[in-house]
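Consider the two complexes below, in which chain A is the common component and chain B and chain C are the respective partners.
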Partner chain A sequence: MPGSALRRRDAAVGYTMVAPAVLGAVAFVVAPLVAVVWYSLHEWNVLASTFTFTGGDNYARMLEDPGLRDSLVASLWFSVGLVVLNVTLALGLAVLLNQRLPGTTTFRTFFFSPVVVSLVAWTIVWSFLLQADGGINGFLSTVGIDGPNWLRGETTAMLSVIVVQVFKNVGLNMILFLAALQGVPEEIQEAARIDGAGAWRRFRSITLPLISPTLLLVSILTIVGSLEVFAQIAVLTGGGPGTSTTVLVYYLYQQAFRFNDFGYASAVSVLLFVIVLVLTLVQWQTRKRWVFHEV
Partner chain B sequence: MNSTTTRRTRAAATGAAAVAALLALTACGGDGQGAAGEPETPDEPVDLRMTVWTADETQLAQFQEIADAYVEANPDLVSGVTFEPVPFEDYTTSLTTQLAGGNAPDLAWILESYAPEFVESGALVDVGPVLEQTEGYEYDDLLDSSLSLWQKDGGLYAYPFSNSPFGIFVNTDQVEAAGQENPADLVAAGDWTYDNARDIAAAAAEKSGKQGLVVRDFDFQAWENLSSVWDGWGAAPWSEDGTQCTFTDPAMVDALTWIHDATFTDGAMPGPGTTADFFAGDAAMTITQISRASSLDDSFAWDVVPLPAGPAGQQNVIGQAGIGVFAAGEHPDVAADFLAWFTNPENAATLAAYFPPPRESLLNAADLAAANPLLSEEQLQAVVVDGIQDAVTKPTHQNFAKLQETVRAQLDGLWTADADVEAVLTDTCGAIQPLLED
Partner chain C sequence: MKSDVIPDPAVRPGVRPGTAGGHDEAPPARDGDGGAPHRRAARPGRSRRRWGRAGLVALLVVVSVPFVFPTWWMATSSLKPMSEILRSVPTLWPQDPSFAAYGEVFRLQPFAQQYWNSLYIAVLVTAGTILVSAMAGYAFARIRFPGANALFLLVLVGLLVPSEVTIVPLFRMVNSLGLIDTHWPLVVIPVFGAPSVLATFIMRQYFLGLPGELEEAGRMDGLGRWGIFWRIAFPLSRSALSAVAIFTFLKSWNLYLEPIVYLSSKDAFTLPQALTQYVDAYGGPMWNVQLAATTLTVLPVLAVFLVAQKQFVQGLAHTGLKG
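And then the complex of A and B:
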């Protein structure tokens, strides 16, 4: 009996300790999540203060919305471009900076510093660099190249947004890879070397499998992050030219805050939630095939 | 087992309660469109908040002075009035975000393009009765033509405090340096045309290495600002009743071809991605509203002239801005009472320095000159008093937000050197026709 009283008191203390975090999560994560699903079943015009239950109308509308289709395509390009560039570059940098060479610390700091810079400040600086008469074209002209108007061409605008985002975050992934690389036991590498394995063979057959858990983590983080891109689009292109950089989150923002259609925007955000969930689950399920071991 | 179930039920109940509370906080609140009434004296004096898109300190100081006098005259009613500047580019979005968050300002400036949307929405209260009944307000002095955009079913849903004509500010130093004729002389000679303005701009830009003619706030995004130019061609984006796209009409094709060529062939207007601030001396001329005169200093010699004539003759264009009172604000009655004070004949005369009022009695060069030492009586007569006559406003539509974005996306195709103007405009009409019929 006294034991159970003690346990109850312990439990009470425990609950009190976690209460702030749990309440915070409920109020700012769980409740809005549920609320968004509820909103998505309504036509909600903030300006007119109308809030009418319309059932699945918003979801039916999504099926026939060419704007949504365009934004899904833009999101796909952005995500593929970002993940491929970011992961390759981060891994490449990590491998390079994992060598015992002079100056590696400086380079690590150099590549990591954008991660701690304010996102909007970083993007605004890039918007100046990418202007028609901006720094990048100024540099190109000194070597005799007539640079394009980066943010006004459909392909170059998307490329610019991707590159700006890659440079912003590649440092974080690089550090994650670097930590993983340093956990690869030197004796295995040495054994392989003695067996006559070349550098590429050792990287493919020893290093990659051993860092595959990190590769999984980085891929999930980067893909999920790529679907949430907003500030860069808002500052650099405003979704243009045309709708070429109107990614899903930007489209959602337009529906809600420019067109005052919060119900439909909620439905689009439910779609975004499902996409992120499915992508994460797929990666998680397929990990058994390509992740060598679990940490 | 049993206790687990209870715990789960309780957790679910807590979650549901939190959601319900959130819904109650955010979703509800609309109570239809009523008229503001006589303010009842509140238990404690209230604070009023008005969102504005000017950050000009002179203008804000002027507003504050008028507001402070109101607070002094009505100490039981209000304890203070705050003017909250929101950047022009994001103004309407920021405003609706505040509304969405249940944080409606008491009063807000409203851009004319969005007027029909706001007036129709029911978000604003009818301020007509309060203005009419306020002693000494002289409601009959207000110009009907100025009010019409803001009226619905006999109610007035915002007061058009600014009826600011578009004109061309000229950096006469740069024009002179390029050996070009002074625009004011061309006005006098009746030769002030868009083609002449373009030639002067191109020459000045070439000489100074800066920019020629800048349509201010356009930036290849806010295309509606180009209406100050295409009105000279008699062009319009859609029919007067707002149901038919007219981007493909010959007048619009010609006007946009002219703008395209002035930008990409003649070098008279800055291309996309180039920022040029006339008031910082970056350009020879700019098309903007007279209310921007406050940004001028003595760093260069300047003049202001009316909009040039296009092939369809000279067309005056005004940009209107209204002040509305939000139904969702905390004190709509007090806010409406303050609006009546803010825009009474005496304060309207003060505000006329930057914001030409819709009051017939004040729209003469002498009164305007008294309020505005920056501009001469001749300039005011030519640009403001004459500029408000038979003026048209920028494009407006009940579905403007969506139209703005859709047209912006389509016109992006126009802003390249080798664009096919007619093809782009055909696509534009294809894209917006469904929105116009909405």
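And then the complex of A and C:
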């Protein structure tokens, strides 16, 4: 009897302790998620204060909307460019830092430091550097190169946004790769060395396969993260020139808070959610495999 | 799922501070172990290797430039007058350093107020998140109660939802409560909503690993559940709490989309939002003033990072995994 009374009291404490998190999840995650789906079925303009049920009209409109198509293309370019550059650089840096060279800790600090810098601050500084008459072109001109107006050309603007983001966050992925590299058994490397395998061969045939689960994981995480890029675009290019850097989230923001088209913006939100959901489920699937690999 | 990966990246690199100076001698020593036949070949190989290593260090120096130079450029440019900033040949060090731009920072906007806004919001969010996530994490990990798994899954939904997806309904909610242009949404939503879910998850992982004997001992001493949580589990979780505190603080400090959606008056602005407002009458940026404000935003955080680097790397590795 006292045992079950204790358990009941325990359960009461348990409910009390999870209550803030659970109620918060209901109020600020689940309810808004349901609401955004509901809103997406409406024609809802805040300024005109219209709110009429239109069924799938917003989704039909999405299929026809060239602006949305442009933003998906921009997101695709951004994500692909980011994941390729970020993962390559992160892995390269991790390999370099894993060589036990002098000054390794200092360099690690350098590479990681942008991660703690405010994103908007980092972007403002790069914006300053990338101006037509900014620092980068200034230094280029001293060696006789006439640099482009980075943020005003379609290709260079996209490239700029990607590169700024890569330098900002590559330190995080670098740390994850570093941990994976340090998990590669020294003996295998040694054995291959004795068998006459060169550094590149050892990297390709031993290191890379052994860290491939981390590689996959980091790639997916980077892609998911890349879909949420907003501040960099807002500060650096404002989505331009034209719509060349208007990624999905920025398009969503414009629809909602520039054009006050909350119904359509909700439909775009649902699309964003579905994309992120699919990628996250893939990630969880790979993570299971990752854990399996480890054991 | 999440944090079984985390301890490794977090801890291992942090354990290596000795590596910097000490280990550069190690690989040649290892070569020497090979015995006589190897030793003959070692000399030219070793010097080639030393050159190779010098080359790698040089490469590291070059690669460091885009990581370090922006911060340098930010700080030095904030000391330059506009005339020097606009000069076509850039100067690495201001010819006539002046703090005039820093005065402008405070004259053009209520920057001290904005600084305070960011600071107190981040502190409240951090404290609130720690409390909510530690309690929930503890209960989900250590207390058996009906429906615990279902409730945990419900909370985990927050990991699947980027904040941009729910910004429209949340804006509507905040608006209908009359809380636009107040700091309520910037404090309450992160503490209870999706941003705190990762913290809850990390705390749960931590408490799962807590030895049951400690709680048993507490119970023997007559502590109830709350007592065990407050006196034993919570103080023991300091490492997990510091990770949570660091990434939560930085996330709030750096928040951009939410402030620009919820706030409209300059007195209410947070720092990231305020930084973008330093423009002249024609909308052109006033670079030196903007960079001075940016410097004021960045340097304190960088300073804390340099002091508590290990904790930062550890704490932020978690968010890396969240993406």
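By definition in this document, the second predicted complex is superposed on the first by the 275 of 295 C-alpha atoms of A that agree within 3 Å, B and C clash if a C-alpha of one lies under 4 Å from a C-alpha of the other, contacts with A are read in each partner's own complex, and residues count from 1 in each chain.
Heads up, the rule we're going with is that a residue touches a chain if its C-beta (ideal position, glycine included) is under 8 Å from a C-beta of that chain, and two chains touch if they have at least 3 such contacts.
Not measured: the values here are computed from a predicted model.
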| request: Could you say whether A:221 touches chain B, chain C, both of them, or neither, answering first, second, both or neither? | output: second
| task | Identify the partner contact of A:93: answer first if only chain B is touched, second if only chain C is, both if each is, neither if none is. | result | second
| query | Which chain, chain B or chain C, is in touch with more residues of chain A? | reply | C
| query | When the two structures are overlaid on chain A, which partner does A:272 contact: first (chain B), second (chain C), both, or neither? | reply | second
| Is A:53 touching the first partner chain B, the second partner chain C, both, or neither of them? | neither
| If you stack the two complexes on chain A, which partner ends up touching A:36: first (chain B), second (chain C), both, or neither? | second
| Touching partner for A:260 - first (chain B), second (chain C), both, neither | first
| Touching A:240 in the superposition: chain B (first), chain C (second), both, neither? | first
| task | Please indicate which partner A:151 is in contact with in the superposed arrangement: first for chain B, second for chain C, both, or neither. | result | first
| task | Could you give the residue numbers on chain A that contact chain B in one complex and chain C in the other? | result | 26-27, 30-32, 35, 39, 133, 256-257, 262
| field | chain B - residues contacting chain A, complex | value | 14-15, 18-19, 22-23, 26-31, 92-93, 96-97, 99-100, 117-118, 120-123, 220-221, 271-275, 327-328, 401-402, 405, 408-410, 412-413, 415-416
| Tell me, which parts of chain A touch chain C in their complex? | 7, 9-11, 13-15, 17-18, 20-33, 35-36, 39, 93, 96, 99-122, 124-129, 133, 135, 138-139, 141-142, 167, 169, 171-173, 175-176, 178-180, 182-183, 217, 221-222, 224-225, 227-228, 230-231, 234-235, 249, 252-253, 256-257, 262, 265-266, 269-270, 272-273, 276-277, 280, 284, 287-288, 290-291
| note | So, in the complex, the side of chain C touching chain A is made of residues 1, 4-5, 8-10, 12-13, 16-17, 19-21, 23-24, 26-27, 53, 56-57, 59-60, 63-64, 66-68, 70-71, 73-74, 77, 86, 88-90, 131-133, 135-136, 138-140, 143-146, 148, 151, 154-155, 157-173, 189, 191-194, 196-197, 200, 224-226, 229, 250, 253-254, 256-257, 260-261, 271-273, 275-276, 285, 287, 290-291, 294, 297-298, 301-302, 305-306, 309, 312-313, 316-317, 319-323
| task | Please name which positions on chain A make contact with chain B in the complex. | result | 26-27, 30-32, 34-35, 38-39, 44-51, 131-134, 149, 151-152, 238-243, 246, 254, 256-260, 262
